[in-house]
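Pasting a structure below so you can have a look.
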Amino acid sequence: MKKTGMLTMTIVLLLLAAGLFAAGSADADSAVKPAAEKVLTIGVDQEAIGIDPHIVTAFSSHRRVDLMYNRLVRLDENLAVVPDLAESWEIPDNLTYIFHLREGVLFHNGREMTADDVKYSLERIMDPKTASPGRSYISLVDSIDVLDDYTVKLTLASPLASLLDALTSNNLSIVPREAVEEHGNLQKVAVGTGPFMLEEWVPDNSMTLVKNPDYFEAGAPVVDKVIYRVIPEAASLLAGVRSGDLDIAAINDGATIRQAKNISQVEVMNKPGINVRTFGFNTTREPFTDERVRRALALAIDRDEIVSMAEFGMGSPTGPIPVSATEWALPLSELPNTSPDYDKAKALLAEAGYPDGFTFNIVCSASYEGGLAVAQVIQSELKNIGVTAELEVVEWGVYIDRWVKRDFDSMVEIRGGSGEPDRFLYRTLHSTGGVNNFMFKDEETDKLLDLGRLQTVPAERKATYAELQEVLSEKAPLVFLYSPNENHVVGPRVEGFRQVGNGSLYYVTHTDVID
Amino acid sequence: MGRYVVRRLLSLIPVLFGVSLIVFFLVRLIPGTALEMYLGTQVEATPEQMEELKRIFGEDKPVPILYLEWLGDILRGDFGYSLRTGRMVLPDILSRLPLSLELTLFSLILALLIGIPLGIASSLRQNSFGDFVSRIGGLLGLSLPQFWLAALMVMVFSRFRGWIPMGNYVSFFDSPLQNIKMLFFPSLAIGIGFAAVVMRYTRNSMLEVLQMDYIRTAKAKGLKKPSVIYFHALKNAILPVITVTGFNAGYLLGGAIVIEEVFALPGMGRLALYAIYQRDYPIIQAVVMVIATLFVVVNLITDLVYALADPRIRLDDVVR
Amino acid sequence: MTVPRLFKNGIAVTGLVIIVLYVLIIIVSFFWLPFDPSEMNSQRLLEAPSFTSGHLFGTDEFGRDILSRIMKGTTVSLVISIAATALGASFGILMGIWAGYLGGRWDNGIMRIADVLFSFPSLLLAIFVMAILGENTYNVIIAIGIVYIPQFARISRGSIIALKSNEFVRAARSNGAGRTYILFRHLLPNSMAPIIVQISLSLSVAILLESALSFLGLGVQPPEPSWGNMLSSARKVMMLAPWTAIYPGLAIVTLVLGFNLLGDGLRDILDPRLRNVR
Amino acid sequence: MNNETILQVQGLMTEFRTERGIVNAVNDVSFSLERGKTLGIVGESGSGKSVTNLSILKLIQYPPGRITAGQVIFKGENMFEWSEEEIRTVRGKHISMIFQDPLTSLNPVIKVWYQIAEALRLHHGMSKKEAKAKSIELLKLIGIPDAEQRADNYPHQFSGGMRQRVMIAMALSCDPEILIADEPTTALDVTIQAQILELIKNLSREKSTSVIMITHDLGVVADMCDSVCVMYAGRIVERAAIDDLFYAPQHPYTRGLLDSIPRIDRAGGSRLHTISGAPPNLIDIPPGCPFQPRCEKAMNICSKQSPPEFIINGDASRTAACWLHAKEYNNG
């Protein structure tokens, strides 16, 4: 014990000494440091799962890729398509797209980006071996031709009016061939053309990006360093901004945002996002095979109540096209079956043979995407028309499993929307759509979706999608509930940050920090 | 002693084998696969893409074959790649290990610093009002749900910059002061419960020891009260406390999941949790194996420390 | 002898009183609750506790009455804690006494299994079981019960081994008593003291485990109220409406404290080495 | 120096509170000890002899034990009026003790030399080094072979007799004026018993230490003591010089004790005597003589009134608490 006592003492003393020493040296460091390296710290709730822009599926990865790579075109804060690597483009017919690239854009490895890189990137995405989620966005592209170093031509197999919008996806970023060949893939390294370069990545802790000094946009980026910190708890994210540990935090939890609004030190930025919370039916299971039953349920749902209870008011009720896509979305008041009418609902149920209601399951999960809170409100609302909903609350992995296997009566989901109706609705509701989990097969819907792809005259397209919105509200394969706000809580040092609306952090490039 | 350590480490083999078997098949019983998690709900994949993905995610072979392959790999020290991030499993785990060890160590230190003095004080006034109050206080500490306490701490202390880690974990060797500052509340949230356990053991053990003849001898020698209590009594009373501390240390290594989650600390528990959510089998398997190994090693260390503290124990005689 | 001593022990009595109070709350909750615990009210979201509204503990983010939910949740918490402990204790004790009594190969085999289960972190094991079985109240019981098995196995094995060599066992055997008879009539009753203490502690830990599982979204599932899932959903709103977290938290703390007090008191009473003449 | 009274115990009462009631372990005990002499205190287990002696140094644990009355006069001062701190300075330095079971009485996790050295460092202000040297010296003195090496051992590495030697070394390290030996040989083998007793006898004689020898073994008393007190049920029932006790016991209990010793000089035919019955329960002692239920010569008065100590033959140091002597007194 004598010896152990001595040992303990020695360790404690050593630790103390080390502590003082390091504290002293740390202070010395900061004193010597040259004036103000500008560091912007961003808090996010999930770690990136790889950073190869062609491979990643997780939203958390997209948020990183945003700042390290460029696409041909990008979305601005109004969700409009604007130039990125392509300075301009021509669409001679609805099957041909010609892009003129910026000159003098350098990859992080110092080599200039040319049309060959565009061709290589898009072909890598199309290669099944890459297993890229971006493949479906450009599956209609028939050929990619390099016209000269700075011009590239895409030829489509059939018209796709939403192609430009699709090309804004991070999954269609332009990457250099040699980096892929050197590393096998780009999951751990970043060699893009973007405003920031990867400096260090400590998984589940932080990712540090440094300014790309050769970035093609003059004066950007403004800050020298961007640090992402992974903090799963919304409350902790807010606390971080409040204490000054974080400058910007992306928070999707309504309660926390409501609370942030009461805190004077922080600013809350929000706008309706492009995602849509949905309550969808398995249209191959009784009684949801009957359109009248689905409509009756839609009529029992009070979107405002759901937004106020499940999102603490931080969202906007929406129809089939997210309200943030202002160009396309019809106001809810112009769509049928979007406000509660219990009498009509009960009448429809009686007509369909369920005068006393029925019992069914709602699959949901406790994670944010799983919509447990929404399911609880729906459950309560459906009591008004005598329908009993039983919640099947499952772990997230099980939720995905059920989703993939289409094993549910009904399911609460959050769907990644788009400012471009074709991109959102075709895959969701066309009978051949890849994520048509409702197994909805409706000729009228298919016809309108196909038509929308062909039309390049804006007014004509608009009419088509207006009609589609009405059809979908009437046939109700799913109930479009609301678009959650995109929220950022911003500290006092931050200047010039703007939200895109699709969660992208692109405008970090233009953001400054002021002490 | 060397022989004893070797024997104990050898006994690790059947345990680890059992753990590996259980974990490998158990994780595959959980509905959903890593591939499904990877694709999520937003991604479409064509059939030929799916074939490729299934090969990448190791879903193209029967599970027993996969197990044998995996067993062969880990015997060669190859823990494979994460299905979620594509990174090598072992470096990823080893990078989390210091935090988990540190959190465990700090919580135990806090628990001992709080628990032992309270336990002694309580035992010296057995059945007094103070004893009653401190016992109830100790049991109260044991009754607090850790995450509740942690959430309350975040709520109250998050306004002070640098006190709550916020995902910004600083290694002890980079900045010890900052490191200790950040781990203080997480360690406290964990340590309070264990402090109660330590207090209880200290108290009970002190009560027992204080009745011993050798305490009477010490008093009869005219020793002052502090040296009777803190030297003669405590040296004996501490023995069961060592055992329980070691036991808790082993338990804690993988058990701080909830605290790591609330304070956003990148530790082993959280790694395991996320791996389960993502069905990242190689990670789950490796984490559980590492934790099980640590558990056994910590128990071994405890026994060694015990033997050091109690001269009556000679390790080579211990039959296990 | 033990029962009067129990009542002399202030700690144990305090614990018992708390537990009895909660049992009374359960009985009351079967017949009467202040509000319907699942009734949502969009006009009364996150209302602070007040006498005038009748929501003594305030309302949650769906406008539901927190007091009613806590009262309803008491049943869930107690049922889980008792059932899980019963499950873990019965399997664990059977394994432990069998291993301890038979010794040799049996002992080795059974205790290796317990070792393997033991070196699994308990929460992780519970998470595994929940993920495999799916989230509902029964599976919470099974998950926690499984976590308990090795603990009970170790304790009961230890005390059986300590007793096995005692005179009275030899005496019973020389009187021609059978194995099973000796085990259940002689050894088990005499080894109950540490097991009883472990049971009372397990009861309290079960409540904490349930709440930790719920925190991770793997426990009792809404809308059925459990203290754990109330706390877990309160986490989001606790800064806005602290009462949503404070009252369910206090409910957990007091009941767990009750079990812990009882357990600690029982330990005093059953452990003769600590028995101090007064 | 002769006949100087060094310690005087007067009217000592010690009780224990238990769940069943108050145990009067020591009930109005008085005796005195002279310098350089050895006093034996004899009695069955539970008769209160150990408690009496623990009470002298206030080593009774409270709760449950408590000294309720009496005086202990050490060199003319009543120690019971002293503070705890003052009493502490007497312990180990002026009055030290040896206990019955050397295994449990030595701290198992502390090295032997350190346990001996503690008192030296405390009372004589020795440095650690000096104290260790002195401890080794003491170990040699009491006959431990290889004392230098053995000093670093722990108690469990010693045999029973060796341990008791260590206890003795510890007790005598500071050259106390009084040594209280509480059944020092009970836990030992017979052969070792004699060695230990011899050791105590020699050491105490050398330094003219006064000894209180607590034992249930009359053989030990005969071997060691100058005078004897016989205790029964928390009281002294007879006191006498050593020869008087053996040749002319005055109390039936003492007589019983003596008769239960096998003796060579007794005729082969006589039976070995035992005292029938059991010692009384010390809770709620009935009125009358506590020995009365077991006494062959019990009279009426014995069950009604407890006998005071009667002085025998006018010698104040020769008493017996028995009503039989009341008659004799009256007649005389």
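Going by the order they are written in, the chains are A, B, C and D; count residues from 1 in each one.
One rule holds in what follows: a contact is a pair of C-beta atoms (placed from the backbone, for glycine too) under 8 Å apart; a residue touches a chain by one contact, two chains touch by 3 or more.
This is a predicted model, so every value here is computed, not measured.
A.B. asks: Based on C-beta pairs in contact, work out which chain pair has the most and send it over.
C.D. replies: A-B
A.B. asks: Name the chain with the Cα centroid closest to the overall protein Cα centroid.
C.D. replies: B
A.B. asks: For subunit B versus subunit C, what separation do you get between their C-alpha means, in angstrom?
C.D. replies: 22
A.B. asks: Roughly how far is subunit B from subunit D, going centre to centre by Cα mean, in whole Å?
C.D. replies: The mean C-alpha positions of subunit B and subunit D differ by 54 Å.
A.B. asks: How big is the gap, in whole Å, between where the Cα atoms of subunit A centre and where those of subunit D centre?
C.D. replies: For subunit A versus subunit D, the centre distance works out to 89 Å.
A.B. asks: Pull out every residue in subunit B that's touching 2 or more other chains.
C.D. replies: Within subunit B, the residues that touch at least two other chains are 30-31, 151, 155, 235, 261, 276, 309.
A.B. asks: Could you check subunit A for residues that touch two or more other chains and list them?
C.D. replies: Expected reply: 1, 233, 235, 395-398.
A.B. asks: Tell me, which residues of subunit C touch at least two other chains?
C.D. replies: 131, 134, 235, 238-239, 276, 278
A.B. asks: Going by the contact rule set out above, which residues of subunit B touch subunit C in the complex?
C.D. replies: Answer in residue numbers: 14-15, 18-19, 22, 26-27, 29-31, 126-127, 132, 135-136, 139-140, 142-148, 151-152, 155, 200, 204, 207-208, 250-251, 253-255, 257-258, 261, 269, 272-273, 276, 288, 291-292, 295-296.
A.B. asks: Can you tell me which positions in subunit C touch subunit B when the two form their complex?
C.D. replies: 10-11, 14, 112-113, 115-116, 118-124, 127-128, 131-132, 134, 204, 208, 211-212, 215-216, 231, 235, 238-239, 242, 245, 249, 252-254, 256-257, 260-261, 264, 267, 271, 273-274, 276, 278
A.B. asks: Over in the complex, which subunit A residues touch subunit C? Could you list them?
C.D. replies: These residues of subunit A touch subunit C: 233-235, 238, 253, 255-256, 258-259, 305, 308-309, 312, 365-367, 372-373, 376-377, 379-380, 391, 393-398.
A.B. asks: What residues on subunit B touch subunit A, complex-wise?
C.D. replies: Against subunit A, the touching part of subunit B is residues 30-33, 36-46, 48-49, 52-53, 56, 84-87, 92, 95-96, 151, 154-155, 158-162, 164, 166-169, 174-178, 180, 235, 261-264, 266, 270-271, 274, 276-279, 305, 308-309.
A.B. asks: Could you list, by residue number, the parts of subunit C that touch subunit A in their complex?
C.D. replies: Going through subunit C, the ones touching subunit A are 38-40, 42, 45, 61-63, 130-131, 134-135, 217-218, 221-223, 232-233, 235-240.
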